[in-house]
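Presented below are the structures under discussion, each in the form of structure tokens.
Paired with chain B in one complex and with chain C in the other, chain A is shared by the two complexes that follow.
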Partner chain A sequence: MATTRILEWLGRFYIFLLLAFLYLPIIIMALMSFNASPFYQLPFEWTTDWYASLWQNDQLIAATWNSIEIAVITTFISTVLGSMASLALYRYEFRGKKLLQALLFPPIAIPWLITGTAMLIFFFGIGIGRGLVAILLGHVALALPYVIVVVSARLQTFAPELEEAARSLGANQWQVTHRVTLPWIMPGVIAGGLFAFAVSFDQFVVSYFLSTPGQTTLPVEIYAAIRKGFTPEINAVSTIIIVVSMALMLLTARFFKFGGEK
Partner chain B sequence: MAGVQVANVSRSFGAHKALDDVSIDFADGGFYALLGPSGSGKTTLLRQIAGFDFPDAGRIAIGGESVERVPVEKRRIGMVFQNYALFPNMSAADNVAFGLSVRGEPKATIAAEVQRALDLVQLGKLGTRRPHQLSGGQRQRVALARAIVTKPRVLLLDEPLGALDKALRVDMQIELKRIQREIGITTIFVTHDQEEALTMSDRIGILRDGRLVQEGPPEEIYDRPQSEFAATFLGDANIFRGDATGAGIRLPDGTAIAAGAGAKLAAGAKASCAVRPERIQISTIAKGHDQVDTNMLKGQVSKRIFAGNNSTYFVDRDGQTLKVIVQNTGAERLAEGQEVVLLWSPESTVLIAA
Partner chain C sequence: MADQLATGSRRGLKPALPLLLPAYLWLTVAIFLPLSAMVFFSFMTDLPLAEKEWAFTLGNYTAFFSQGLYLTLLLASLRLGLEVTLWCVVIGYPAAYVLAKVLKGRSREAIFLLIILPFWSNGLVRIFSWAMVLREGGILDTTLNAVLPFKINIDLMYSYPAVIIGLVHSYVPYMVLTCYLTLQAIDDSLIEAGRSLGASRFQVLKRVIIPLSMPGLIAGAALIFVPVVGSFMEPRILGGRTGTFYGTIIEDQFVAVFNWPLGAALSFILLAVVLIILALAAPVLRRAG
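Up next, the complex of A and B:
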């Protein structure tokens, strides 16, 4: 009895340590974004000045809008293209399908630093150069494999007889996809879309390579600002990003769980 | 409503001949069973008729119209799948409505037709339920309603009762037959269950290794099998092999067996005889028999299985084990090890070309 209780207590302590390890730096940063002292000095003095001055920082705000814009467009393009690719891989047998499927995964493992360098050279080579368009193309390329993996996983649970049943009832290819297949894979599509958004919105390395001073994203702008000199405005904007990113991840987890049911 | 003609249809998958020159004429309004072991080609044949797959050679016609290159969505067929394949994201009523809805029928028409179809399968009140809220038998009924609500020319069923337990299966057999009679639709039913094929269908086609072995009414196939395979696959049969004598066969040990039914074979040809276990009378040697026109063999009971309304005796005779089924009439039961004589008439003996 006593041993069980000690083990239970140890288990709880372990979880507590783990969460502290994960969240303590973030919590401190979030707290400091509300602290009046720019040098992390205590005692803590409540202020929202940093958020107010963040509001005045046009460069940071412009970069934030760029990030949101690119993330939204990336999500849309990669979710549509990725879902279509997953459906094609699910439905059709064609030459080189296995190779194609195998080639979809390595980009997830290749360091972004290398992908970024390669993209920079490539985009210069074909005349796109750097800028928001280059960043957008890069993000779509990064996000696509994630969408395909997530949507394909969902499709594995789809019974092919459902499409056959729909066809036997006179439904054409579009009606089959739209009314039978899509409703089934929708949790996967949404989860894939959230992944794509996160990959784009949190992206630093590839964006850093492809941005120019006027055309940049929030993570790159934060990095540039820190190099110029740290201000708690960065804490403030980081706190906002963390809240948004965590909300997205929690949503993803919810949809994944939802996808596992039935 | 329409008949279906399958003429010389062949289909190969790589080196495997799934269907080899199969021809069957499915009459308008009939209830057909395609019976065979797994891998016999029965499901492949059904998929050719449905239009999920196209034959390499041969012709398929529905209502006299060639359809062998028409895709499934344009064939106007109704199909019930082995696992029902109900759309999980739709209610029972929406499942049934699907076929009418993709055709663009007006909403009021759809609602009325769906209700009629649900009433026909006795699910009138369960239209709002999702598939996972329905029992196996109810899902089966929804699948059936969905398949017939579009007024297809032919109804195709792929082992539709396979997933149900025995009692429910018997209920559904009766129900399916009632609905089929009520709407008079040509129905083709794939099964590996011989009892199901016998009790439900007007005609049975037996398939083996992609070929049609025999086709006809259940009584005819059961009483006059044309091959050892047909004899043993549809029901039980005792098979004797020997040489044709003109009036039957002669076994290797010289015993003559008279056959009054089946093929006409020239004397000397290799042949077999099939006898159903319930056609054989069994009795103790002590009683003695000397009927002239009756086939008689002596043997020894090696095993008896009592099944309530009948008993099955396994009788050893010259290296062969014969099966005899005796109704429980209250008569004396024979013990294992007992010497017996088996008697059966030539009319119960079907001659089969080897």
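Up next, the complex of A and C:
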């Protein structure tokens, strides 16, 4: 019994170490964004200058707006199209359904380096070229499978008898969807939407290959800045990004328990 | 499992089409056609743009096999993928076990979320944060020198270990997630039965727990190995000059050298390798799913 106790406490301590490994670098980066020394020298001296100078950096601000704009549009399009597809996959039985479900796998499983370069070649070939439109096309495609998976998971908890009941009471197809099905799957749709926003807002690789100097997103701009040299300004903007994306995922978790208790 | 529950209450593709088409058309235009185009372009001498002369060629592929460099880099990337995956197993599996079998209730839920959270945050920024820690005169260097009585020089930045550390940090939550899901499904009574029949803790682990959680391990390994083999941003930032891998060479073809057909061929070879790995893992994944 005593050994079990000791092992359990060791286990808890181990989890603590893992969490430290996962969070320490992020916390250090955030702290350094408030440190006065531009060369990250200690002792620590508090300042918010780096955040203030972000406002002077037009390039970063423009890229930030692009990122937000693309993430919002991506969220809207992929949530609508993804929810529609999930409904169809749930409601109807047809040949090739398994194939359609399997086709959601490649965008998630194939490394973004391959998808990104392939998009670059194709979009160039058909005349779309690089830029914000190309980035948007890519982001929606990357977000769609996530939305479909999340909404479909929510649909699994839906009782189809409810739709039947509504129909037998005289509701038409639109009313059934609008009044019965949609309200039920709403938490899934919202979670899918938040996922889509995160996929787009955090996306770097695909955006990187599809961007041009004037038309980039925030992560691409940060990558360019890192390769030129480190500055606390990048820490500041990185800290903002990480806080935003973690807050988004916490929000998602509220709407949709992924993996936790069933 | 999903298919039995999915109540295809009504038959026929026709009524489903209007709902399906927009999403799948989008995927076709932005994923499937580009992948096909990439295969096509990889057999060309030049891009058929701006009245440039082009012809079909196998040259891009013979370049891969005749110049040892590309093959060496692919092997280096495969090795990197293997090492990162192994570290993720070593670090992630025990954590998943504690999460599934030791922690209970709300604390389990909270810690699970805490482990998964960084995984869903910006990968580029997390890699960058390691640069803060690992550089000479960085936090690790300063802290160790403040604590230790003797002077040591820690400059892990721009080295192979730095790349490993950054990638393991990025991907270990994946392993915790997949292993946790399979470990959680193991009935505690199986473990108790093994113990009461006289098996040691180690024997139970070896004979019961690890075999039963194998699908989670394999799923995690595949989901980590594949993107790591194609990584280029992490080696660039943390590896510096030592960070030349297969992924960075592909990046170069598209953003620096502008040899797109060769880049397409290299990408396609990587895709083939990835598909083979996924196909090998697929039977196990299906059983787990």
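Operating definition for what follows: the second predicted complex is superposed on the first by the 250 of 262 C-alpha atoms of A that agree within 3 Å, B and C clash if a C-alpha of one lies under 4 Å from a C-alpha of the other, contacts with A are read in each partner's own complex, and residues count from 1 in each chain.
Going forward, a residue touches a chain if its C-beta (ideal position, glycine included) is under 8 Å from a C-beta of that chain, and two chains touch if they have at least 3 such contacts.
All values derive from a computational prediction rather than experimental measurement.
Visitor: Using the overlay on chain A, decide if chain B and chain C clash or can fit next to each other.
Guide: When both complexes are placed onto chain A, chain B and chain C end up side by side without any clash.
Visitor: Between chain B and chain C, whom does A:W184 touch in the aligned arrangement: first, second, both, or neither?
Guide: First partner only, chain B.
Visitor: In the three-chain superposition, say which chain, chain B or chain C, touches more residues of chain A.
Guide: Looking at chain B versus chain C, the one contacting more residues of chain A is C.
Visitor: Considering only touches as defined above, state whether A:I6 meets chain B (first), chain C (second), both or neither.
Guide: Touch partners of A:I6: none, neither chain B nor chain C.
Visitor: Looking at A:A20 after the superposition, I want to know if it touches chain B, chain C, both of them or none. Which is it: first, second, both, neither?
Guide: Once the two structures are laid over each other on A, A:A20 reaches no partner at all.
Visitor: After superposing on chain A, what angle in degrees do the C-alpha centres of chain B and chain C form at the C-alpha centre of chain A, to the nearest 10?
Guide: Once the structures are overlaid on A, chain A sees chain B and chain C at 100 degrees.
Visitor: Go through the superposed model and pick first if A:N172 touches only chain B, second if only chain C, both, or neither.
Guide: After superposition on chain A, A:N172 lies in contact with chain B alone.
Visitor: Just checking: does A:I222 make contact with chain B only, chain C only, both, or neither of them? Give me first, second, both or neither.
Guide: second
Visitor: Figure out whether A:E164 sits in contact with chain B (first) or chain C (second), or with both, or with neither.
Guide: A:E164: touches chain B and chain C.
Visitor: Is A:S152 contacted by the first partner chain B, the second partner chain C, both or neither?
Guide: After superposing on A, A:S152 lies in contact with chain C but is clear of chain B.
Visitor: In the overlay, answer first, second, both or neither for which of chain B and chain C A:A52 touches.
Guide: Neither partner.
Visitor: Upon superposition of the two complexes, what minimum C-alpha distance (Å) separates chain B from chain C?
Guide: 9
Visitor: From the superposed pair, tell me which chain A residues show up as contacts to chain B and also as contacts to chain C.
Guide: Touching chain B and chain C on chain A: residues 164.
Visitor: With touch defined as at the start, can you tell me which chain A residues reach chain C in the complex?
Guide: 8, 11-12, 14-15, 18-19, 21-26, 28-29, 32, 39-42, 77, 81-82, 84-85, 87-98, 100-101, 103-104, 106-107, 109-115, 117-125, 137-138, 140-141, 144-145, 148, 152, 156, 160, 163-164, 198, 201-202, 204-205, 208-209, 219, 222-223, 226-227, 230, 234-235, 238, 241-242, 245-246, 249-250, 252-253, 258-261
Visitor: Inside the complex, what are the residues of chain A that reach chain B?
Guide: Against chain B, the touching part of chain A is residues 159, 161-162, 164-172, 175, 179-180, 183-184, 262.
Visitor: Looking at the complex, which residues from chain B come into contact with chain A?
Guide: Interface residues on the chain B side: 50, 52, 71-74, 76-79, 81-83, 85-89, 98-99, 102-103, 132, 146-147, 150.
Visitor: Tell me, which parts of chain C touch chain A in their complex?
Guide: Per the touch definition, chain C meets chain A at residues 2-3, 5-13, 15-17, 19-20, 22-24, 26-27, 29-35, 37-38, 41, 47-49, 91, 94-95, 97-99, 102-103, 109, 111-118, 120-126, 128-133, 135, 137-139, 142, 169, 172-173, 176-177, 180-181, 223, 226-227, 229-233, 236-237, 247, 250-251, 254-255, 260, 263-264, 267, 270-271, 274, 278.
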